[in-house]
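Two complexes come next, and they have one chain in common, chain A, joined by chain B in the first and chain C in the second.
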Partner chain A sequence: MEQYLILFKNDFDDFVERLAKIQKLVAPVKRGSKSFAFDEVTAAEDVSLNYIPTILPPKKYFMPQNETIVEYEKKQNKWEAILYSEAITLFGVHTCDLAGIQCLNLVFSDRPNDVHYIIRKKRILIIGLECNDYCDEYATCGLMDNHNANGGYDLLMTELEDRFVIHVNTVDGEELMGKLAMVKPADAESMTMLNKMRNKKREVFQPEIDIERKELKPLFEESFQAEVWDSIHEKCLSCGNCTNVCPTCYCYDVEDEIDLDFNKGKMVRKWDSCQSRPFAMISGGENFRPERGGRQRHRYMRKFNYPFEKYNRYFCTGCGRCSRTCMAKINLKETIETLIEEKK
Partner chain B sequence: MERTVLLKSPYVASEGRIIESRFLTKEEKYFKIALKGGKLLDFVPGQFVMVAIPGAGEAPISISSSPSQVGYFEIVVRKVGTFTSAIHMLEEGDMIGIRGPFGSGFPVRMLEGNDMLFIAGGLGIIPLRSLINYVIDNRRDYGKVSILLGCKSPENLLFSDELDEWQQRLDVNLACTVDRAAPDWDGNVGLITSLIPGVTLDSHMTYAIVVGPPVMYKYVLTELVKKEVPESQIYVSFERHMKCGVGHCGHCQMGSLYCCKEGPVFNYAKIKDNIEAL
Partner chain C sequence: MKRKTVAFFDFTCCEGCQLQVANFGEELLDILAAIDVVMFREVMSEKSDEYDVAIIEGSITTPHDVERIKEIRETATTVIALGSCASIGGINGMKNSFKLEDVQSYVYGEDGKNYFETIPTMAVHQVVDVDYFVHGCPIYPPEFVKILKYALQGLPYTVKDEAVCVECKLNENECMYEKGLTCLGPITKAGCNSWCINYGNICYGCRGMVKETTKNASIDVIKKYDIPMDWIMGKFDMYNKATESEEKK
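Entry: the complex of A and B
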């Protein structure tokens, strides 16, 4: 049976403190006037409930920037695949980022599945936080249909006046809430408040670009030779910020790091970016994606076109991070709008 | 952080021992490798392995021997960067890590009963040799076998002993060309494309297998289409940058395809419209 709970805001301090005592608690914290990050918290005062998408998405807990995947000892011919992981409660994940985690789950569950990712994922309990309104003008979650959660969480909290309504989606979530006495079953009044807010949300969130979501895939499919890639080519600095902050970019490099004794060492998986020039270069020197425009086109295709063959979904969550962070002001909304114009 | 040893990770490597090694040319070195405990590397021609040298890293390397030879497999590596320099320093008895085999190989069953036209440019002969020797080892199952081989100069020719053997066989037609040669070279001089018009073939029962440097494909494929070989009967194999071998890391992606997983062997008809492939 579907289960909803409530937590009054008066009890929020206590709630956070208790959660932090159960296992490592990670939540959005303020970093600057308009910047936020997921980080460990112990008290409610550390948590920013009203935040715009964090600088890095929560993918850093699922696939860390630097991750040891192999440890070896040369003299012993020893080579072991290794995982370093910890139990985490990830609190306050917006619905766009829930969608991002769902995309990563699909990729790393592909055969042969990446057990490093799979085990780490199982040790993370996700508490989502619904967005009742837009974060800023960069978001396209209305178009991508990620302003509401489509699963992907253990618990989802919705802030309503003096309380939070909590949707329980998994038994793990139910078990955790069972440990917290201040959380009560939701009453009819709370459910009415939730429905009222959701109805209002339908008016607030509208497609941010004048195109139907299902038309995005054919739009990109037919845009390999579009002129927009030439103009993006002129702007792009190949810094790779867009891919680093993207919740569904998962490309990586594997580096060998040997100790100074030249015996013990490890293989470390590190985030990589298809925007860097050597990304698709082979050792003979041939580069299969030498142009900045081609590399940006590749990034867009990986969000709006390619994932359909395998996963039948978009890999853009609409979080807006790529546009927010771009030093050259390459803007996802503008790119799509230009493509629509070009097609006319 | 808790440390867990994972037995089923795609990054688990098998121990491989180099049981023979020698230089084929100044730049290319050959290695014969046996897996620890006589473990079988269960592969089909066209697949590759990830070779790991602790301290130097890991790289994708084509398997050059035929799966009909058991107990070992062979690779040939050109020295072009840090990893390949490290592997060139290895000798008989040295250990390396082997992951794989990875990728799609050549469709050997589908090829049975057909004429085979093998076209290799430069290092392309290394992976193609696996299929050529497989076909020769099962010679009765195939029709006419023709091999066209091209490389820069006679000094770059790989497997010259084996080429002589193929040359002498009645059931194999071998033609070789070099881009340039000293006056004492009595073979063909010219690009590999110059050999194609001279081949007589029954296009509808011919499968053409083309492996070579990126620049070669466009010209060779044009010649094959002129010869009326159906596009669906042409197979190619590509080289790309790779870090994982299992379709995750993104480096080898060409359009929507991961060269390490959907490839490296591709049917030409299926990838001809992929603008990042050719």
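Entry: the complex of A and C
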């Protein structure tokens, strides 16, 4: 099954059109002057191949912002789980976002597994897009080792001069390429080009912060009392942008939405943010994390400390979205650098 | 379940929030099946002195308003503040930036000012207890329906104390600050589904401020984007003057 294919750029328009005819095709598109978003496309001209990470990561297709999970009728005591999925081809996913989806897969497959998520995931076909260079200065994919794809895709495309080399990783991916009937096996020349580019990447991507990846976990473990959280407390607006754009934040709230007949209704799962003040508030008004610094620390711990204990994996993908979107300039790189300084 | 009787009242306002309700279209039929409207000046001639739920639009700006709202509060079991003027003082709060005498002279002239008593603008809850708040200028229709359902069931409803940015991000709008514009989204209470920004406008802060004050952070942001402080203050005062000194619980 594992094989490399080749697609010349002259055929890219045709490639996208054919993909869009098979099932719903979603790709990065331009959203405003400096922003991008994943959205449905039908032609190559809609697609932005050269994009910086989208406002929201592709997780929105796996766990939508608003998702009806139960419908009920009170009088009839009728409850029905709503399982909805849609066949989607997710095109142009950067390697950092592939890692993000892998993290979410771990969480939602963990017991008790989340049927709503898993059913959706089964019908999403992922075509990754390798980054040959940095998107911007916010990314830390070199440190997190996500500048190369470590699985998590059906097909992975690498752009090389006049062509794309496509790595086929799954049977689903192979079948899709079969349906398109337009890509050929990669020749020796293409493979040489691919290797050359990968070698070059080793020089381009370096750890962005002067720390070994394995040292991140102990660094955060010992940072609970660090002063950096106090200065972040002063900076943070508590707007929740950082968690909403994070590819591995998965916290949600479930709201009960009853109809005006006060009989029929539904339960809707909505994204929630640990950065908002009421997140850790309980009845009686007690709040476990009333301070913004404490809430930010929690966010960092959920990326660099706790998931490492539970899943043996960092939940920061290095995509840089949290720093890019922060209006108050709270920067992940700077936070880690300050922690390193404080520890010395 | 016996349908609750509902009466609409207007104080100092443009009656635009009631117009939003009148304009609901098909959903109004479902609402009318759930409540019994006994008074709604904008859409019907009938009147009533008895009602379970009082829906108040407008702010309190005269001594007469104070008496009237107190009477309504005594009659109704449930009071809902409808729209910014009622829920936070809204546009009318701009009056509080000036001397009352100057305002009177400006509006009614030197001769007329003595005929009209005036007091600083207040939101409804600054005079009587309010059970439910429907923020916004105008109200966001889906939120009104949502809160009405809570009110009819007698359940408490808390407007989420988080910024408009939260909903704006989920809608994947490009940030207004990235476009070089000044937006009050980061300090304004969510619940409107970032209505204005979805349509390309900025947030004017019509829903009131989030409870947590983040003064230093806000100053940092203003500096980062090189925004003159008085621009922000001008935007802030447009809706939030009447409730700016409130203790934030």
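Just so it is clear, the second predicted complex is superposed on the first by the 343 of 344 C-alpha atoms of A that agree within 3 Å, B and C clash if a C-alpha of one lies under 4 Å from a C-alpha of the other, contacts with A are read in each partner's own complex, and residues count from 1 in each chain.
Here is the rule we go by: contacts are C-beta pairs under 8 Å (C-beta built on N, C-alpha and C of every residue); 3 or more make two chains touch, one makes a residue touch a chain.
Note that the coordinates shown come from a computational prediction; the quantities given were computed from them, not determined experimentally.
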{"item": "Chain B versus chain C as contact partner of A:Q3, first or second or both or neither", "value": "neither"}
{"item": "Greater chain A contact set [chain C / chain B]", "value": "B"}
{"item": "Touching partner for A:N305 - first (chain B), second (chain C), both, neither", "value": "first"}
{"item": "Which superposed partner A:F262 touches (first chain B, second chain C, both, neither)", "value": "both"}
{"item": "Chain B versus chain C as contact partner of A:S48, first or second or both or neither", "value": "neither"}
{"item": "Partner chain in contact with A:I69 - chain B first, chain C second, else both or neither", "value": "first"}
{"item": "Partner chain(s) touched by A:E80 [first = chain B, second = chain C, both, neither]", "value": "first"}
{"item": "First (chain B), second (chain C), both or neither touched by A:I282", "value": "first"}
{"item": "Chain B versus chain C as contact partner of A:P112, first or second or both or neither", "value": "first"}
{"item": "Touching partner for A:S231 - first (chain B), second (chain C), both, neither", "value": "neither"}
{"item": "Overlapping contact positions on chain A, where the chain C interface meets the chain B interface", "value": "258, 262"}
{"item": "In the complex, chain A residues that touch chain C", "value": "31-35, 37, 54-56, 65, 234-241, 244-245, 257-262, 271, 273, 276-278, 292, 325, 327-329"}
{"item": "Partner chain B, residues of chain A touching it in the complex", "value": "69-70, 72, 74, 77, 79-86, 107-108, 110, 112, 114-116, 119, 224, 250-256, 258, 262, 265, 267, 272, 274, 279-284, 286, 288-289, 298, 301-302, 305-306, 309"}
{"item": "Contacting residues of chain C [partner chain A, same complex]", "value": "1, 30-31, 33-34, 145-146, 149, 152-153, 158, 160-163, 165-166, 169-170, 172-175, 177-179, 185-187, 210-212, 214, 216-218, 220-221, 224-225"}
{"item": "Residue ranges of chain B touching chain A (in the complex, touch as defined)", "value": "1-13, 15, 52, 54-59, 80-81, 83-84, 95, 97, 213-214, 239-241, 243-244, 246-256, 275-276"}
